[in-house]
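A, B, C and D are the chain letters, set down in written order, and residue numbers restart from 1 in every chain.
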Amino acid sequence: MKGIITALITPFNEDGTINEEGLREVVRYNLDVMKVNGLYVGGSTSESFLMDEESKRQLFKIVKDEIDVDTKLIAQIGALNIEEAVRLGKEAKELGYDALSAITPYYYKFSFQEIKAYYKRLTDDTDHPMIIYSNPAFTGAQFSVEDYGELLALPNVIGVKYTDTDLAKLGNLKESHPEKVFFSGADEMLLPFAISGADGAIGSTYNLLGEDARTIYEAVQKSDLETARRVQSHMNKVIDFLLEGGVYSSIKYVFKQKGIDAGYMKFPFRELTDEEKKNADNILEIIEK
Amino acid sequence: MKGIITALITPFNEDGTINEEGLREVVRYNLDVMKVNGLYVGGSTSESFLMDEESKRQLFKIVKDEIDVDTKLIAQIGALNIEEAVRLGKEAKELGYDALSAITPYYYKFSFQEIKAYYKRLTDDTDHPMIIYSNPAFTGAQFSVEDYGELLALPNVIGVKYTDTDLAKLGNLKESHPEKVFFSGADEMLLPFAISGADGAIGSTYNLLGEDARTIYEAVQKSDLETARRVQSHMNKVIDFLLEGGVYSSIKYVFKQKGIDAGYMKFPFRELTDEEKKNADNILEIIEK
Amino acid sequence: MKGIITALITPFNEDGTINEEGLREVVRYNLDVMKVNGLYVGGSTSESFLMDEESKRQLFKIVKDEIDVDTKLIAQIGALNIEEAVRLGKEAKELGYDALSAITPYYYKFSFQEIKAYYKRLTDDTDHPMIIYSNPAFTGAQFSVEDYGELLALPNVIGVKYTDTDLAKLGNLKESHPEKVFFSGADEMLLPFAISGADGAIGSTYNLLGEDARTIYEAVQKSDLETARRVQSHMNKVIDFLLEGGVYSSIKYVFKQKGIDAGYMKFPFRELTDEEKKNADNILEIIEK
Amino acid sequence: MKGIITALITPFNEDGTINEEGLREVVRYNLDVMKVNGLYVGGSTSESFLMDEESKRQLFKIVKDEIDVDTKLIAQIGALNIEEAVRLGKEAKELGYDALSAITPYYYKFSFQEIKAYYKRLTDDTDHPMIIYSNPAFTGAQFSVEDYGELLALPNVIGVKYTDTDLAKLGNLKESHPEKVFFSGADEMLLPFAISGADGAIGSTYNLLGEDARTIYEAVQKSDLETARRVQSHMNKVIDFLLEGGVYSSIKYVFKQKGIDAGYMKFPFRELTDEEKKNADNILEIIEK
């Protein structure tokens, strides 16, 4: 499992239920136009932590139903309620998802031993490939190289979605665990991540910038740094605009401009204001330049 | 609503379900021995964020069923899924809970306007007294005096569970909003909180130290600082021990020593180690001194 | 040594040298009008960390020269260059300062053992009473109760200027070291500090609010909580205004309105803007109410 | 000005004065063996913030005296006392240093406008090329792209020593200011920095790893990623060891093993313990592999 994987946005109806047609369109856009290597479903970008369990199951099903045979699918199943996480993991496995992923448990300040026990139980009970989802800015859980080593030694754990900026640690991890996969979670640093040993990248902006991301990733394989730098610079101009009004809501807005019904945000996330929409009107133009 | 309110621990069975008998014993202990003024049910201390919705409903029901007429009951209903929070709020209201409370939405970095919209919807849909649960160390959401003012102006919002140490801000809030209630969330600072204008305190250690807490609170009303100081000092010796192995698990351990079946922790929280138990063996002795 | 001690501001000339006349006036105001129990000279409030060694010596001399026999004097001598700190300490001792104080060494992330060695050498070489100046928000150095215990065990160390908000820790420290002195460094929390065991308070706002501070401190001794609360509330209204444009520059501005030449800020600190001055015009009125 | 620049360590005598012979040896080693492109003198690595002004002047003089014509020299002159900083800047300019550099003023929480005024005055008064030294982990001063733009627009400001890990921001800065120079301050991320647009790197580990650093930097110019990755990995193994006992003291220890008298640390920095020395004994072996 490698390459560019989109952290899928979820189009919602105004009442907070999933907009199935919109979701199918967004999936198709990712596959047919962005041509990304896979989809990461049910993560932060999917606004999954705001959804109920039934909606998460529905999300997994619709995406799987729409998907092509050769697209890799990862289901993010992490939840504070371990029983829910296990049920979701079994469901995703049965649906044919290639791998599971789980955010480190959050809110409470769990010790590393508690976090490790959480992954042990999740992987024992689901018995399916697992990608640790490490996002210290959101969860506060920061791991040392040794901590990562303990997690990677658990049966079924195949890698890490590494949403951090310490590339020396990433390089160290890849070198110590060459058989595991490490995905960048910092889209605006895809190039330095690829250079530093990342096997690929999972990110929200690839909903709109997946093609650019593939170009960077392939350029690095061919040591074509000039191309990689030029395209990363282009990506980052877009990302700067996306950040201004909020990445997820801005992506949805740009999708709508393209005629794709990316739906509403899940409450309490808000939609773009009129002023933010005006700012976001620049994005489409830059993307297509 | 004022005075000492215990943030109730939840005894679990080994499989993560609620240990109903144990729960009833813990409630009775709080009412009959600690004689606290109220119970805060379903908060951090109840390990509620790790429970499924059905268990939370069960928790609300059992506690209500066990309770006396004159004990105030607050149901913490906050959840990242707004629909679940609303359902829980309606249930607690129907059960006869005196007030609701909700943690500020966490994990994502919501803007203040989004957080305000969250409380607006919760209070509109449940139409029952609401206590904002502010715990910046766990959620990252830090409010200014002006922010609090906006939240307190929402219909049904009656006060704040203020789990922070900025007592100047607390004093300012109480003075600007004398008709609202403000509860200390820092048990080891109950005395300075009471001095600074808190109407009462909500805390986990009152499961074991509720009597001490009432003594401090009443001593402050009578300007008996010597007593207040002496008892706070006693409380803090116990709290230091509770912190060493984890407050919730240590409280459960001490309950068991008292013959009250406080049950297991909810996974992934772990139980005390043997060494931590040895340390916790001191607690009971200090409490009863 | 106890009671209310003003952290003295330093009036500067426009070229960054000390405005001696202004300094003498500010000292007199503190003694004659505020009637504080002592002065803390050369700390953060004195903008001392921006001054050269010669100016610091001059500051110590002028203040000593202006002072009355019964006013306690503390010289803050901490400096990253240990030799400078020792020289300043010897000078202040010779001038007749009652005690020395030193900020924990900053900029670099020193280990606790290095910090302890720093105080050991300072106290050995100056052989004069020393008050640890702990200000984690400025220095990053955060101490446990055990760490404080080690520092307080050094010969000549007589106490701590505790610029933090953890009152449980303060209470614990005072109880474990009743013979040492602990000063509040959080002016807006003077009342809860006094309740929690502080022997006094050292703060910048006492340049203007020293009288209020004494009232609070004395009211707590007499268990007159109503007075203490009322005056703390008054103080905090002023402090909120002082914070808006910067505490030190706002204090100087108010002094000037009173006809006392409190001089310029030391570069790169800036003066109040016109708008900030308009806001600060309210302060004098509130103070004198 | 570009390429690999060593942040020079300072050998001290046991009494805290500069060990001139040792300093000359360390300089020669950097020039003759490491063959770095320049030296950064008087920065954090030089323990400069612990030195008095006279020692800093002496440091600048000795290094200049020992240096070859074609080695670039940068003098870090930043000090909280602006007059000292200006004097040091004039001295370094007169001595023939190619550029000045200054840490952002620290300890106090200066506003951006105050920091900008600081650089304006420094550059006006010294009239010599200036490199902003940005190290938010040590100073707390974090700049946006717009802030950097304002600083870079000041006359004489030629670039930034960027000790941070946000490579997207670095790339953005280089693209917006192609005529300015940006130096990596994160030795263990030299490769991703070089890829992301850094003109060079300034770091402490280049005292021992300057040759490796040059190899990486040159490999990136030639798009030879394989070499760059391999050498960065080698560097990072050494850096991990250096971090264990403290980078500066470990570098000095390794120098001594090589027969170069790198002297003592400046108080209150401590020397390696015996155990740390045993660990550091591995470093030389890895370096020379």
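As a convention for this text, contacts are C-beta pairs under 8 Å (C-beta built on N, C-alpha and C of every residue); 3 or more make two chains touch, one makes a residue touch a chain.
Just so it is clear, the model here is predicted, and its values are computed rather than measured.
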Mutual neighbours - chains that touch chain B and chain C alike: none
Farthest-lying chain, centroid of Cα atoms versus that of chain B: D
Same-interface partner of B-C, chosen from the options C-D, A-D or A-B, over half of the pairs matching: A-D
Geometric centre distance via CA averages, chain C-chain A, whole Å: 51
Averaged-CA centre spacing for the pair chain B and chain A, given as whole angstrom: 35
Sites on chain B at which at least two other chains make contact: none
Category of the chain touch graph - line, ring, star, complete, other: ring
Contact pairs between chains, per stated definition: A-B, A-D, B-C, C-D
Interface residues, chain D side, partner chain A - complex: 165-168, 171-172, 175, 186, 188-189, 191-193, 195-197, 220, 223-225, 228-229, 232-233, 236, 239-240
Chain D residues touching chain C - in the complex, by the definition given at the top: 16, 44, 49-52, 80-84, 105-111, 113-115, 117-118, 121, 138-139, 267-270
